[in-house]
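Each structure below is given as structure tokens.
First subunit A sits with subunit B, and in the next complex the same chain sits with subunit C.
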Partner chain A sequence: MLDSFVLDKDHLLPLLRKLGKDYRLIAPVRNRHGDTLFTEIHDLDKVEIDLEHQPQSSLKPFFFPQVEVLSLYGLDRDAVSGATWYSFYPQLPENRPTVYFGVRSCDMMAVMYTDMIFLQSSEYDVYYARHRENAIFITIGCNRPFANCFCNATRSGPFLEHGFDIQLTDIGDRFFVETGRARGVRLRKQWSYFFRDAAEEDKRAQFQAALEARGLFSRLVHVDLVTRILARQKEPTEILAELSARCQDCGGCAYICPTCTCFTIHDQALDEDRGERLRTWDACTFSGFTRMAGGHNPVDPERQRIRKRFLHKLLHDVEHHGRTSCMGCGRCVDICFGGVDILRFIEMVSENETEPEETP
Partner chain B sequence: MILDPSRYVAPGVSGPQGFKPIRKNIYLPVPAQVREILEENALVRTFVLEFDDPLVNQEFTYEPGQFMMVSMPHCGEAPISFSSSPGRAGSFALTVRRAGRLTSAMHRLRPGDTIGVRGPYGRPFPMADLSGRSLLFVAGGIGLAPLRSVLEFCLDNRDDYGEITLLYGCRTPADICFADDLEQWRQQGVHCLCTVDEADDTWSGRVGLVTELLPEAGAEAASWRALVCGPGIMIHFVLSRLVEMGFPRDHLFTTLERHMKCGVGICGHCFFDEKLICREGPVFSMSELGDTRNL
Partner chain C sequence: MTNSINEIEQAQVILVSGSNTTRTHPQVARRFFTAMDRGAKLIVIDPRRTRLARHAHIHLRIRPGTDIALLNGMMRSIIDENLIDDLFIQMRTENYTTMRDMLFGIDLAQAAAITGVPEKMIRRAARIYAQAQRSVICYCLGVTQHIAGTGNVQSYANLAMLTGHVEQEFTGVDPLRGQNNVQGACDMGALPGVLPGYQSVADPGVREKFARVWGVELPVTAGMTLLDMTHVPDSAASLQTATPAIRAMYITGENPLLSEPALNSVRRTFHQFDFLAVSDIFLSETAQVADVVFPAASFAEKSGTITSSERRVQLMRKAIDPVGDSRPDDWIVRELARRMGYAMDYDSPAEIMEEICLVTPIYAGMYHDRLDREWGVQWPCGGRDQEGTQYLHKYSFTRGRGRFEPARHVEPAEPVDSDYPFALITGRLYFQYHTGTMSRRTPILERESDQPLLEVHPEDGRRLGLRQGCRVTVVSRRGRCRFVVELTDRVAPGNLFTSFHFAEAPVNELTVEASDPVARCPEYKVCAVRLEEVETC
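Let's look at the complex of A and B:
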């Protein structure tokens, strides 16, 4: 049973100010170009925290930066024999305690997914772990889903039942507050004078908001149906080929996607004998993603370049992890100028299918 | 098997969670020194390596079919299979064909130079399941390298295995690797048959595809096990032919090659359908592979 409280809206900034003293504070901030991006806040009085628009970026870059130095390397040469000695010096990132405020359900679910990828028991990614280990998440439920959202169909929103430290629901002049994981409980207790216990009417207002939100999705997206079709039937090679032909190789969908975690590792020389080993985001849609030394490529970029992307998210991850790795945030719909987004794929695959969709 | 204990990292977190176990940095290569370089042919060299740290060297173990991620300065990393038998402790061998930037840099190495390695990674050949069986090896070109690891392991434990036959096909006589080993294996009782696609003046042996040698292998479909490695298309045809000859699919093993970055199932590069080759492979039985046309 989750404990519930109320935070008056005029208590929000004072609370964040308090938190800002102990934690690095990251929240969706609307910048002067009109973009809403998760941003580190240094001075709460100089920025506009934006809870009205969907953040264009997810939290992914904070835990898995687009470019990250894994280690430095150096080459020493023996003056006599000329033999080389090659050594590595790991560079671990900082792990400052951080509060992520205003996180949407889909992005929180995405963090739980990337945790599974990077912190799986056999191989543990220390770089991701360092970014991730001192994070606290204050999420906010979506009373009004955004235009391309379909988290109802991927079961990753618009409200969370677990995973958050603190979940807020906007109920007019106040937030309904649920504490989830231990860090959220502790944080609420530590600053208890900002909160008051939720009354029956607050609980009713939250229930009403959560219920209404489910009815406000503008798109009907048959995610489960498509997973079943892909598992049961022959691969839709023609649809994949048609969409592959329209892909422009930009990688935007993978970069903006909160659950795309593919990366490449490469070296950047600093001088003849020193350099940095970097990890950089990669995308399975890039033509060179699977190309081997010598030129052989087991994936035909003309017809198959988007195959792994869609099958991975909608089929393979269901087989491996029991759920899709698409969280229904809809960001790839806006970013793709070729119209090769996951919604298009889902629509094309489910278009002529008559099987009735189960309603959750 | 964990490399070099001195290179562990502590997350160094003080705070609500308290003490956390120390974790290894999976991306950190350790130095290994080139002891010996053997020229297999114009494009292929075998590097015999040992760790600089004698303790690591002593404790390091691997199994046939596994691979190492090899680092070269300014070139990043590439996966390379072991070509040596793990029974011969103290060093390990990687056989490398010059194909891209990293492998070209490796070909410029001299004995005494160090490279970076991490591993071993991947699922090996099921040596325990193969014991007591007669084995048919079918290799194409540089594909003999990972099978050499198995073959020498079998020769090191000769009593555990029955008959051993090797069918080896190369494009031209100049592409043949491990020529000295082939001779030695013959002397040790391995039935070796070689063929080339295109002969030249130096070649007096068989000409044709390696699949044409299959009927002569003397392998009994019901009791033998077959291990196949080479170019994807060759693997496909050999496996298909063996199935036609009556081999059950789960008695046929191959090892696949893919572009890889992490080696531990995170980076996503080495997918084959829903599998990641670095973690679920690189060794697969044919029954696990499904469609083999695009290996």
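Let's look at the complex of A and C:
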């Protein structure tokens, strides 16, 4: 059973101010151009923390930056023999203790997924681990899901049952507070005077808010049905071909996706003798992602460009990890140029498909 | 664009010509797809079977440079089937009788022969375009970069006026501009004959207005076009009498030693300069031969506005400080002017914009503080308190009545023959931008597209023994260039296609210098070439 508390809304800012002394503070901030982005906060009085809009990007760039220096390299020379060779000097990122505040359930679930990819697979990613190791998450449940959200269908929201350090629920003039993992419990204890124990009516209010939120999704998305169809039936090649032909090849879906983790590595020269080895985000929709040195591409871009993307999210990850790696945040729906988003794919696959009875 | 980009979604028929829209204007192409989802019909006019052409209901695969013949055929067919908009023609246009008489002389069979498009398809396309209530024409450089570019554009205007498909929401004639701010550059008078806001230098009233603000006397005559400045004929240079030769040039953000046609002639012209200054963010091919190079700040390092195809003036805000010793363009120009003895005293781009508002009627309301609050404003906008203009020519054309300008087919400057049997079309790729000054320095873009590919039809490939990925030299009367073969039916047999992004294969060594006599826009889109030195692979 999770411990539950209450935090008055008036006390949120003072609490964050205290946390800001020990931690780097990152929260959704609405900038003067009307964009809400996860931003490092230096002065709480100068920014507007925005819990009303979905942050336009997820937390991915904080743990897996779009461009990251892996190492520096340079030409070394033996003074006596004159022999030269390249040496590499790994560059580890900083690991300052950080509180991520105002994280939505989908984004928290996405972090748990990327943890699995970078930390629990055969290759332990030291760069990701450094970014990740001193992070604390204060999440907030979504009382009102946004227009393209479907986390109810991907079972990654609108409220979390685990994975968070502290989860807040807006219940009017106060937040209902649940502590999850050990860091959250410690944090709550350290600043215990901000919190009071939740009363019965607070718990009822939280239950009510969570219940209502589930009824407020504007889209009915058949994720489960589609994962079953994909697992059981032949690949929907014609649907994939139709969508591939309309894909505009921008890679925006993979870049904005909180669970897309593909990258490529390249060297950038700084001068004649030195350079940086960088990794940058990559996307399976790009032709260069699969094209071989001789020019052959095992993926036909015209018909299969988006195949890997959708099957990975909705079929392969279900097979490997027991759940979709789509968290239902809906960001790729907004960003897609050609209307080739995952909702459309799910719709097309599930259309005209009545769930057949299981026959022996 | 007479329309706004969003209006395209509401169109019932979209006629796209000379535009590889999914590759060059993806944000416009997405509106095409949305419109088609709502039932719109798509007609594509293009010698290449582009991705968009494959989505089209009708693809009119014309021979390069035969737009006028096709459009005259379509218009003749529209008259034959009485699909013209009588009322519109009567109320809003002039010179219709000349147009009609010319069209009566058009033979559809002949139009089919010139264009290579079957007569039946010409009629069908004409019917679909004319019958719909809301038909939109989108065209791009495939229409303008021909010696008959002006005639091509006029013909599209004729077609729209003949059927009354203009002056209203969701229907009009929409040129898609080639770069993010080429519209803004034209608006600001980066054209030889006009001052900002298309105000003619020939108009004494206009000159006086600007002279009062700038405190200098303005030249009475129009300036020179880019093509004339970069292609000084040999004879004039040697005689040094007839044309006053250009002795010095200051180039900003342009790479003519790769982007201009007939590079031989450009190099010859540049050799005659006493002095060349270039400002650019990287050391481009042109900057490498300059006497002085100014390191310019990139778009992210400065504030200012850009104007999009739909005439929308948008504020672009500085994101980071200029890197290294680079400076914003306005700083470079102001410092140059100051050292030449003319003080340009502006504290900020916003102050420069205030002056633009003062002297440019179509930009009269484009103050930075206002643009900052809104998602840009579309010109014409007559003042701070006025809304912008969603679509042009409402109630009447800018010039009063729309004038029909009959045009006749003009053969490309360099037709193919037995020595040079292929028509080479040049254009752009998705992952590279122009001469690659920026995009070729971006690793993931370069990975996607790092070779100068030459599109060859598989039939031609088979005949000449070309294989996918082998190298071949393309030779024109002006130069030679080596490319990597891509066998694809995107091009028609007898046509070749390549891009001008790659300095290692500068296709403009091959292109012709010939240009449209009015606009002086070079015929980049077609020249005659042959293939040589096939590398066996």
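Everything below uses one rule, namely that the second predicted complex is superposed on the first by the 346 of 360 C-alpha atoms of A that agree within 3 Å, B and C clash if a C-alpha of one lies under 4 Å from a C-alpha of the other, contacts with A are read in each partner's own complex, and residues count from 1 in each chain.
Here is the rule we use: a contact is a pair of C-beta atoms (placed from the backbone, for glycine too) under 8 Å apart; a residue touches a chain by one contact, two chains touch by 3 or more.
Quick caveat, the model's predicted, so the values are computed rather than measured.
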Touched partner set for A:G322, first subunit B, second subunit C, both or neither: neither
First (subunit B), second (subunit C), both or neither touched by A:Y86: first
Which of subunit B and subunit C A:G339 touches, first, second, both or neither: second
First (subunit B), second (subunit C), both or neither touched by A:N95: first
Which superposed partner A:D282 touches (first subunit B, second subunit C, both, neither): both
Which superposed partner A:G294 touches (first subunit B, second subunit C, both, neither): both
Partner chain(s) touched by A:G215 [first = subunit B, second = subunit C, both, neither]: neither
Comparing the two partners subunit B and subunit C, which touches a greater set of residues in subunit A: B
First, second, both or neither for A:H266, with subunit B first and subunit C second: both
Subunit B and subunit C footprints on subunit A, overlapping residues: 264, 266, 282, 294
Residues on subunit B engaged by subunit A in the complex (per definition of touch): 7, 9, 11-13, 15-17, 20, 23-29, 31, 71, 73-78, 97, 99-103, 110, 112-116, 231-232, 257-259, 261-262, 264-269, 271-274, 294-295
Subunit B-touching residues of subunit A, taken from the complex the two chains share: 70-71, 73, 75, 78, 81-88, 90, 92, 95, 97, 117-118, 120, 122-127, 129-130, 133-134, 182-183, 186, 261-267, 269, 273, 275, 277, 279, 282, 284, 289-294, 296, 298, 308, 311-312, 315-316, 319-320
Touching residues (chain side subunit A, partner subunit C) in the complex: 33, 245-246, 248-250, 264, 266, 268, 278, 280, 282, 286-288, 294-295, 337-339
Contact footprint of subunit A on subunit C as seen in their complex: 22, 26-27, 29-30, 33-34, 37, 51, 54-55, 317, 430, 443-444, 447-448, 468-469
